[in-house]
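In what comes next, chain A is part of two complexes: it sits with chain B in the first one and with chain C in the second one.
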Partner chain A sequence: MPRVPRIKASALCALVFAALAATEIRAEDIVVIVNPAAKAISKDQIADLYLGRSGGLTPIDQTAGSAIYAQFYKQATGRDVAQVKAIWSRILFTGRGLPPKQLPDSAAVKQAIAANPNAVGYIEKSAVDASVKVVLPLD
Partner chain B sequence: MQRMNYKLKVAAAAATFVLGTMPGHADNTIGQYVTLSGFGTLGEVHSDYRQADFTGEFLQPRGAGFSRSWSPTPDSDLGGQADLRIADGLTGVVQVISRDDEDGNFRPHVEWANIKYAFTPDLAVRVGRTLLPTYERSDSQNVGYALPWVRIPNEIRFSNSATHSDGVDVLYRVKTGAVIQDLQVQFGRTSEEFSGAVFHGKDLIVLSDTLQYGNTSVHLAYQTMIYTYSVLPPARFRLASGGFTYDPGTWFVTGDSNYAHYDFFGDFFAWYLSAGMRFGRFTPYVVYSTEHAPTSAPPSGLTALGDERTVGAGVRWDFAKNIDFKLQLQRVNIETQDAPASFNNVQPGLRVGDKANVVSLTLDFVF
Partner chain C sequence: MKETLHRRVSRIAEPQILFPLIAVILLAATWGATLGLVRIKHAEAEHDAATLSHELLGTYEAQVVRVLHEIDQTLNLVKFWHERAGMHGTLAELKDRGLLPPDLVFSVGIADRHGTILESTRPLGAVSVADRGYFRDQRDGDSIRVGHLPQGPTGDGRVPFTRRLNAANGDFDGAVIVAVDAAFFVSGYDASKLGEHGVLGVVGTDGIFRVRRSGDSMFSGDAINYSSLLPKPDEADADPPVSLSSWDGARRWNSAREIYGFPLAILVGLAQDEQLAAVEKSSAVYLWRAAAGSLAIVLFTALLGRMSWQLAQSRLRESESKLEHAQRVEYLAYHDGLTGLPNRSMFSKLLSQRISEARRYDRELAVAFLDLDRFKQINDTLGHEAGDQLLQEVAARLQGCVRDSDTVARLGGDEFVVLLPELADGKLAATVAHKILGVLAKPFTLIGHEFRVTASIGISVYPQDGQDEQTLTKNADIAMYQAKAEGKNNFQFYSEKLNANSLERLTLESSLRHALERDEFRLYYQAKRDIRTGCIAGMEALLRWEHPDLGTVTPMQFIPIAEETGLIVPIGKWVLKTACLQSVAWQNEGLPPFGIAVNMTERQFLDESLLQDLASILKSTGMNPQLLELELTESLLIRDVEKTLRILTGLKSLGIRIAVDDFGTGYSSLATLQRFPLDTVKIDRSFIGDLVGPSEDSGLADAIISMGKSLSLTVIVQGVETKEQAEFLRAHACDELQGFYFNRPLPANQFAQLMRAQTANITYVGTRAGLQNQQP
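== the complex of A and B ==
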């Protein structure tokens, strides 16, 4: 009789781990992309752009709650989600600009990049196709 | 079958309603032109010093200590902002904020209201009201979520009588290799009410330069204006400031300083130094700040205005999305009888050398 709950508990654990693994994304699986007609861009430039230090190009974000968003900022800027929010709050509430537009998934990011030669974005490596150009692996 | 049909219809109607009201889906209507956002702080401050009220800035008439043991007024605020996209390169911003003011109430006032035209991505002109870039964080001093501490050290705020300008400013961004400079020239006028009289500033000019090199930033500014206060004849105000921040992400160190000169009131020198370290969602920090009036005898006869020094330590806890909790402990050494920078409502029992122990708790949020 005591065995039944134990089995249930381990099954639940397995399920939770599976769910966690599914939402996790490694840095080496993310690439920075631009329009095929755009110039190359360095990692330092990416950090400046996504932390609002420089303009000129249009950074595009994934959803703030997504795993790819958190991993991208951690790897590209060394900051976690709350720190990024604090930095953009300062820029926003001093009237200096709006944070990057957030799109729902990699397909939407690709579409936006393909349509705008000044746009920069990041997607899973597996989602890359001919409509965009990879400028930088993230690791 | 009919039942199922009905369920489907309800679901479809609900989905349409939800999608239709989601901000991300309003792109083709008003969302294209207006972005709404806001920030706020809920705070409580306790001071064990009974001979004066500890305040969140020198304009506030009351705080914690003399009037009451705990007070929500020093740090609590609420701000709302509308960003407008008018045309290509033409944008506007309006920000209204409610915060304990010189009248001791939370009457909302317009903090920002300007129209900006960007000639290029690096060159823009703004017309209207802006907050002055007098010191490193002066233009975002009320946005608790954007600050590492509960509040900007009171000492650095004290010598800075004007916080906003109504006028014109030019923003120019220069890139030299990996160094990015944001240059700002501002012309305008200002007025602020404190201690029962109005402070008017005209011929206000501010030059500001923010240099960024990766995780390092340096802020330099110079400000000058002609001011009148109460029945005093027009006099000049000058201020020079320099600050820096190094923040690679896992820790930070930052400092700021300003030297102000008022014909009549004399000179003021204030600075602070702070460092913190990030451990996941927790960011403990320490901060030392001081204000010191070096002039021996200004025409006002008021010497050592603002003098005090503060040692503080605290922690920021990012416990949920877009909201943080902060706890800050401070010990303030009072070094003047006239008007220590952090205090108002000074009682006759205040003595130079007195110490105040202050505890501050805040919840900061953005939306």
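== the complex of A and C ==
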């Protein structure tokens, strides 16, 4: 994992707050969802899973350029897009894993999760339906 | 050689050399070890960095090769599908099947033969790639091509990889493009190993960096000298040397390797400053420790040096004081403690030495013995302190009047000797002797009083008076005794005749010491007669010495010696005791109790224990003190009137009678005599020598007798030798007479007969004829 210089980290924190303040009005709440048969999962487990630090479950991503992608990583892992990319680049480069599969929208995510008991994903809260189970609301 | 080596070694052992040397050796060892350690640590760190650089290169190579093969596989897969299917939608289908690499860093595109992008997984940024090198090159070849970013920060720029697409007839039909995030190739940058200034990079065989990363900074597109980057083939496996990185000017251990099958090389560099920071920090610690150690060594050796120096100093002082003590002891052994002059031992040595020199150079030398006259009396009367003071003063004066080459020594007591070693003629010693007598004649001030002393000097000369030290010394001594005999305060040269006289004197002196124990003394008695009746009125005890070899020795001969040696005291006691015993014995026989007179010398009279001795003699013999009369010369009485008075009073308290001997010779005044408790005066024979001659003499004798009478004393006239003298004295009312005319001194038994005869009423006249017959 690339070391983030302290100055940059504090600058990033400032940006994060700014972003949160901005998205609170526009963006919708995101929830982490799993297959209804799956067990509950903690926020720390989510972060580890999406940053390649643990396996076992299959994380499913939204498109890297989407707003929900950035918001999810910010809220779930505290990392911005560039950092997440750097982390996964490194994992990929050193051959220790593959980044989560990216699906084009929340509907595709729900579909994939409904089909796979091991899958984990995230969608807008408003998009939740009975096919999936919400394990963690993010805010 | 060996000696100088030994001397050098022992010189090294001296503290002022040894301690600095030890300090230098310790400092050299400390700094040698420290600098060696620093060098070794440095070398280790450099080796470690180079090795690490090499190892990292290996790891990096494996990763890059894997990625490149994946890329190439993707290129080949897309190429295969496209050439076989030859239609649009290849990429979408492959993606659906999961055959394309993740979108995260990879994007795939297909360009037609004109360079127009037909399809892509992500927008490639440009619609046409016709003018790009990586596309154009594919028209002419069939190998993988790698494009590059423009020079500058990498950002999210992508590096394109291409492979040629062939039409069915083999003609050029476009290219497959896989664009990879440039940053991806250096995402494995590990700051914990590479630091902030290390480098990780991919460079084309064209010498252009596809990407390079140092810390968090990534650059692309800058050109370098590709051939200098790669190691020479035979050094490929060796650790890389430090070299200057041309792109940023940093010094690094750079390792580079070409990737087989691709127009690329990889580069790993470790910055020298970062890799050596730790070792330089620890080196600084070592150097500081060495500096602190050096300071400790210097202080310690300085302390040791100082302690050793102090020890050496105290040893030096000790040996100096030992030497001083030894010198002092030697000095004391050869010098007289009181005067500081050489003593007898040293004088003997010096004299022997000078005799040898005189013999060799045919010179004469003189030995002058000097003895202070009457020193014993001074010592006895003034005390030892004054005596010592006198000796010191004499020593100083003697030294003051001889040459430097001459030696003054003190042999003991009041005996000094002057050695005159360089004399052309021995007789010149007389000049020195004169001079000595002169300086000693000046008055001495002792305990606040002025005193005069004189000396007697005896001189012997080498070679005529002796050839060796002992003879010269003995002969000078003999000459000195002669000087004393000559009346003191003079000097005498030794002569053979002197030797004979002196021998006699020495013989007398030595036999005198044994005379008492050998019972050689006898008392003779001389009668004193009443001038009117002619009867015995008393007697005088006279001492005789019957020497076994010399016969009878007169008091004139031996009394001065006895007086001088102090033997007079025991002899005098013997005389008193014998006289008393005799008197008592006669009285017991029935003879009349006659008075008995005994002479006293000066020394006897001044002897501290005189009164005590007399008291005990009187007690032990049972002698009536009224019958004992002590005769003292007039000159002795008036020498110290107060002291005489004290002694005389003491004598009177014992009941002893006191007579003045040789009355008239001391010129004492009537007033003085009146103070003394006297009983008898004895008129000296000189006043009656010529009584019958000119009336002058008879007048004087008459006056003296009258004076005695006026003091109510018994008047005795001594030395009456003729009838005429006796007649005259009788006419002038003298009390008693004494002399050869009346009686010669007789031994005790004969004197007893005389007394018995008188007791038997034999007349004076009758005996006189008899006595006259006895005269020789």
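The definition used in the following text is that the second predicted complex is superposed on the first by the 111 of 139 C-alpha atoms of A that agree within 3 Å, B and C clash if a C-alpha of one lies under 4 Å from a C-alpha of the other, contacts with A are read in each partner's own complex, and residues count from 1 in each chain.
Methods note: a contact is a pair of C-beta atoms (placed from the backbone, for glycine too) under 8 Å apart; a residue touches a chain by one contact, two chains touch by 3 or more.
All figures in this text were calculated on a predicted structure; none of them were measured in a lab.
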Assess the superposed three-chain arrangement around chain A: do chain B and chain C clash, or do they fit?
clash
Which of chain B and chain C A:90 touches, first, second, both or neither
both
Under the stated touch criterion, which partner chain does A:43 make contact with: chain B (first), chain C (second), both, or neither?
neither
Which touches a greater number of chain A residues, chain B or chain C?
B
When the two structures are overlaid on chain A, which partner does A:98 contact: first (chain B), second (chain C), both, or neither?
both
I'd like to know which partner A:56 touches here: chain B for first, chain C for second, both or neither.
first
With both structures aligned on chain A, tell me which stretch of chain B collides with chain C: 3-11, 39-47 or 201-209.
39-47
Under the contact definition given at the top, report the residues of chain A touching chain B in one complex and chain C in the other.
64, 85-86, 89-90, 92-95, 98, 102
Chain C residues within the chain A interface of the complex
63, 66-67, 102-105, 181, 183-185, 187-189, 191, 216
Could you please specify the touching residues of chain B with respect to chain A in the complex?
24, 35, 37, 39, 79, 81, 83, 93, 95, 112, 114, 116, 121-122, 126, 130-131, 137, 139-140, 143, 145-146, 173, 175, 178, 180, 212, 214-215, 248-250, 278, 281, 318, 321-322, 324, 366
If you look only at chain A, which of its residues touch chain C in the complex?
2-3, 5, 64, 85-86, 88-90, 92-95, 98-99, 102
Touching residues (chain side chain A, partner chain B) in the complex:
44, 47-48, 53-56, 64-65, 77-83, 85-87, 89-90, 92-95, 98, 102, 104
